[in-house]
Amino acid sequence: MTSFPADRGADIVRALIRVITENRAYLSEIDGAIGDGDHGVNMAKGFALCAEKMGPGAMSLSAALQLLGETLMESIGGSMGPLYGMYFIGLGEAAEGIDQIAAPDFQAMLEQGLTDLRSITEAQIGDKCLMDTVVPATSAFSGALAAGAEFAAALDRMTEAAEAGRDSTKEMVAKIGRASRLGERSRGTLDAGATSCALLLAEMAAAMKPMLA
Amino acid sequence: MTSFPADRGADIVRALIRVITENRAYLSEIDGAIGDGDHGVNMAKGFALCAEKMGPGAMSLSAALQLLGETLMESIGGSMGPLYGMYFIGLGEAAEGIDQIAAPDFQAMLEQGLTDLRSITEAQIGDKCLMDTVVPATSAFSGALAAGAEFAAALDRMTEAAEAGRDSTKEMVAKIGRASRLGERSRGTLDAGATSCALLLAEMAAAMKPMLA
Amino acid sequence: MQRLINDPDNVVEDGVKGYLKAHPELFAATANARVLKYPRAPIAGKVGVVTGGGSGHEPAFLGYVGENLVDAVAIGEIFSSPPARAFLDAFAAADSGQGVACLYGNYAGDNMNVKMAVKMAAKEGITVKTVVANDDVASAPRDQIEKRRGVAGEIFMWKAGAAAAAEGAGLDGVIAAAQKAIDNCRSIGLGLTSCTIPAVGKPNFTIEAGKMELGIGHHGEPGIEVVDLASADQAAEMMVRPVIEDVPFTAGDEVAVLVSGLGATPLVELHILYAKIHDLLGDAGLATHRAYVGNYFTSLDMMGATLTVMRLDDEIKRLIDHPCHSLGLTQGRQA
Amino acid sequence: MQRLINDPDNVVEDGVKGYLKAHPELFAATANARVLKYPRAPIAGKVGVVTGGGSGHEPAFLGYVGENLVDAVAIGEIFSSPPARAFLDAFAAADSGQGVACLYGNYAGDNMNVKMAVKMAAKEGITVKTVVANDDVASAPRDQIEKRRGVAGEIFMWKAGAAAAAEGAGLDGVIAAAQKAIDNCRSIGLGLTSCTIPAVGKPNFTIEAGKMELGIGHHGEPGIEVVDLASADQAAEMMVRPVIEDVPFTAGDEVAVLVSGLGATPLVELHILYAKIHDLLGDAGLATHRAYVGNYFTSLDMMGATLTVMRLDDEIKRLIDHPCHSLGLTQGRQA
């Protein structure tokens, strides 16, 4: 069964940090349409802090993801700090003690992340938030595995579902967060949190795929 | 020598009250151009209060003018309260004890009013304020008498000078009051205080002339 | 945007520097730049009182740190919950070993961050109990009271909880006092204009000229109704009715009243509004024991006001009347 | 105009009703609707302290009526001096037979109305002496100091004079304390936006977006210079320099500092501004004994701030530190 070594964790998290940093302006711009325009700034602040804490060395996937999660939780505040914080801590905790990450391990990680996320928010699919990305992406990965797909192919399904989830927010009316004030007027724009989540999941998949052996 | 009975005072002051009440909106409109648009409101409030205090009966010119002055001074505040207050008290005090008001009596009244006005403001001709009306009007009356004019004719000269003084403020740059903030931009509009003062002096003349015998 | 700031991204940091320099008798820095404490905190033998929330509501939250009031505060970005770490560090700054009462408002971010911080505190041996303010009647119907937001009633919650702590109550007593205070509070907001977050540079939402929004939240959360701009007397009626119709007010009650400006509404207008509120409460049989009218809990440069009415019993009355000193609220021994 | 009023022509009357209802411990009505007094006034054996001025500056002027502060206040229309009668009635409300100190600001209307009122009071057997605040350095050059306007330094003048009265000083002593306070005060304003008088309904003057006006007066009187909107740090430099370059500040002085918002500028921004002011004063060798930062003397909904710096000696320091209670300023026995 294909897998990748858990000690490549720091490289994977560095890829996440890079994608958020590169999309700082884009994410804020999306948030500007129906939010307050700071999502990229907020996220980049937390991710950059994690880069500082990580330094240049190697780390296990579990430790690196938990460091990312704890940094977000501790430093960015708002709702996104604890939400992404819980999510990445959940992913990381589920990887604890595993040396080679195989597809079922990653499935367990995704499911733990989602469970932890749900422990602190009641947000649902359809609310126009990061749930619209993370829920279908998780199901897509699990579904692909159940249908007999390889790790790499399942990662592709996850990315596709995350991006489709992100796109689905465009036609939604926001039910939570600042944008919910706008009612019907929130329709027609992507949700910023769903967008950053799709970037993160796609990047995670892209970083893992070349490591698979 | 022509004169009028001092006990017609209440009628004269009632005429002043009427002209201010009738021009309430006009005076506020003028003040609105380069001031805060309340001159008519401020003046009408004080003059109406005087009407209440006077009631319907007769009063000596001295008593009626002093009542008007005291009411303005006590009730309208700002700068116009004490300025018009002092002015009318000055006019009234100079008429004290006189039963028949002849031209020299009225000259003394005008001069006393101006002196009292000057005791509380340093405003000068050319500052774009009521001084631009009251100073030339006073000189015109005195000058006409000195040149041998009758009371009625001297009153006409006074009215003409008051109105010319009012008109002269149009091309002035305000040096005092709110309008002074505007500098050059205050040019091109009449001054509200100079306008109300011209209305008052012209009305006073118009009320006195038919009483002359 | 006509504002007195340096860097729009550092409004909170730069402001904190000023609070520390201006009021050294009220504020001391901690190792966490987003946590300020009362210089005497932790006060030996006293339960610590902590609050926190997004910035932009000054004097709330940090302005209620002080003598017989809040011991430490977690300071978020403008309109954004402080991170869990800031709450945790505020707990540590306030705890004298008697435990900490964390009294905060019901917002998604604050709930999550406090929840995390309480967990982290437990690991460090700090006992924290919480009360979540939910006084805003406009934010959910009465049968979903747990969904309601906390607004200016938080001030009464802090006042009551902190006075109980100052009187020597244990953690459960402090929590009970704060809970009782907020349970007896009802609030509503009225927005006349939007406000501008400096880092954003454009209005946070829109209220058209000639309109006003009844029930608006402190960050522009949608209200009950957008209506034509009305007189202060009519506005008072619109505000008083939903507040006193909600439990728990009944004729004969004594109440404390707080009318807070949202930032840019002049003090004289708040008093014009108050005059009618006072009469309407009187008409409903509610006697005002104490009234606070001023800028107690704002939303940057928003125009408008909030009304908070709290039912008093002997205990809450004593706690509200307790003397205190802070930037937002200073009062002597008697009314 | 998004405002909470009833009748634009009755803003002051309607506001006064609210002040009376909200703060019965601070305000009592008098026979003159435009005069409020501290309920305990006239205080037997104490010199009466009176002030007055146009409305729209709340909490000034009436917000400084209170315990160990002003005894009675004459209340004018918005931005317009109270009538002489109101000053006279305030004198009568404050006089316990020890005479009255009338401490007010240097404006044409106030000067005239106070002058009249003092004359009228003399006839009624009330001795009144006056101090005229002229702390605004931007309103005239130093050699025409008698032409300068009074601004937020008036608060320090009231505080010092009233504390002297509370300590038992006679009329001349109270006048001397107030005069010394204002002589040691220098202020300057900075305007970022205009303000709107409700009865007028349009902005009182214009400051273009992206500009600010240094030295602006409390009613929009023209300042020294219209400059590009600058950072808070730069604004602090523009404000501190003209204030400390004017007599009487010298290195080594202890000072009291007051930064007042003009109405709509959020408290956090006033503290951002203060942080730099504090440092600049320190650089000039001035040690800040006490700082007041908040909305102490406003101009309706104007954005911007004023800076007041007062040089202290032992006497003024004691008077400023004296405890007091009022709507605008409440402080306990120590800093």
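Each chain carries a letter (A, B, C and D) given by its place in the written order, and its residues are counted from 1.
By definition in this document, contacts are C-beta pairs under 8 Å (C-beta built on N, C-alpha and C of every residue); 3 or more make two chains touch, one makes a residue touch a chain.
All values derive from a computational prediction rather than experimental measurement.
Student: Both chain B and chain C are touched by which chains?
Tutor: Under the touch definition, chain B and chain C have D as mutual neighbours.
Student: Count how many hops through touching chains it takes, at the least, to reach chain B starting from chain A.
Tutor: Contact-graph shortest path, chain A to chain B, evaluates to 3.
Student: When the centre of a chain is set as the mean of its C-alpha atoms, what distance in Å lies between chain C and chain D?
Tutor: For chain C versus chain D, the centre distance works out to 29 Å.
Student: What whole-number Å value describes the gap between the mean CA coordinates of chain A and chain C?
Tutor: 34
Student: Taking the mean of the CA coordinates per chain, how far is chain A from chain D in Å?
Tutor: From the centre of chain A to the centre of chain D is 56 Å.
Student: If you average the CA atoms of chain B and of chain D, how many Å lie between those two points?
Tutor: Distance between chain centres, rounded to whole Å: 34 Å.
Student: Find every residue in chain A that makes contact with two or more other chains and list them.
Tutor: Within chain A, no residue contacts more than one other chain.
Student: Return the residues of chain D touching two or more other chains; collapse runs of consecutive numbers into ranges.
Tutor: none
Student: By the document's touch definition, which label belongs to this structure's chain graph: line, ring, star, complete, or other?
Tutor: line
Student: By the touch definition up top, name every chain pair that qualifies.
Tutor: Chain pairs that touch: A-C, B-D, C-D.
Student: Touching chain A in the complex: which residues of chain C?
Tutor: 9, 76-77, 79-86, 108-109, 111-113, 115-116, 197, 199-200, 204-205, 219-222
Student: Which residues, counting only chain A, touch chain C once they are in their complex?
Tutor: 32, 36-38, 41-42, 73-79, 81-83, 85-86, 120-121, 176-178, 180-181, 183
Student: Can you tell me which positions in chain C touch chain D when the two form their complex?
Tutor: 2-6, 11-12, 14-19, 21-23, 25, 55-56, 58-59, 63, 190, 192-193, 207, 209, 212, 229, 231-233, 235, 259, 263-275, 278-279, 291-295, 298, 300-301, 303-305, 325, 327, 330-332, 334-335
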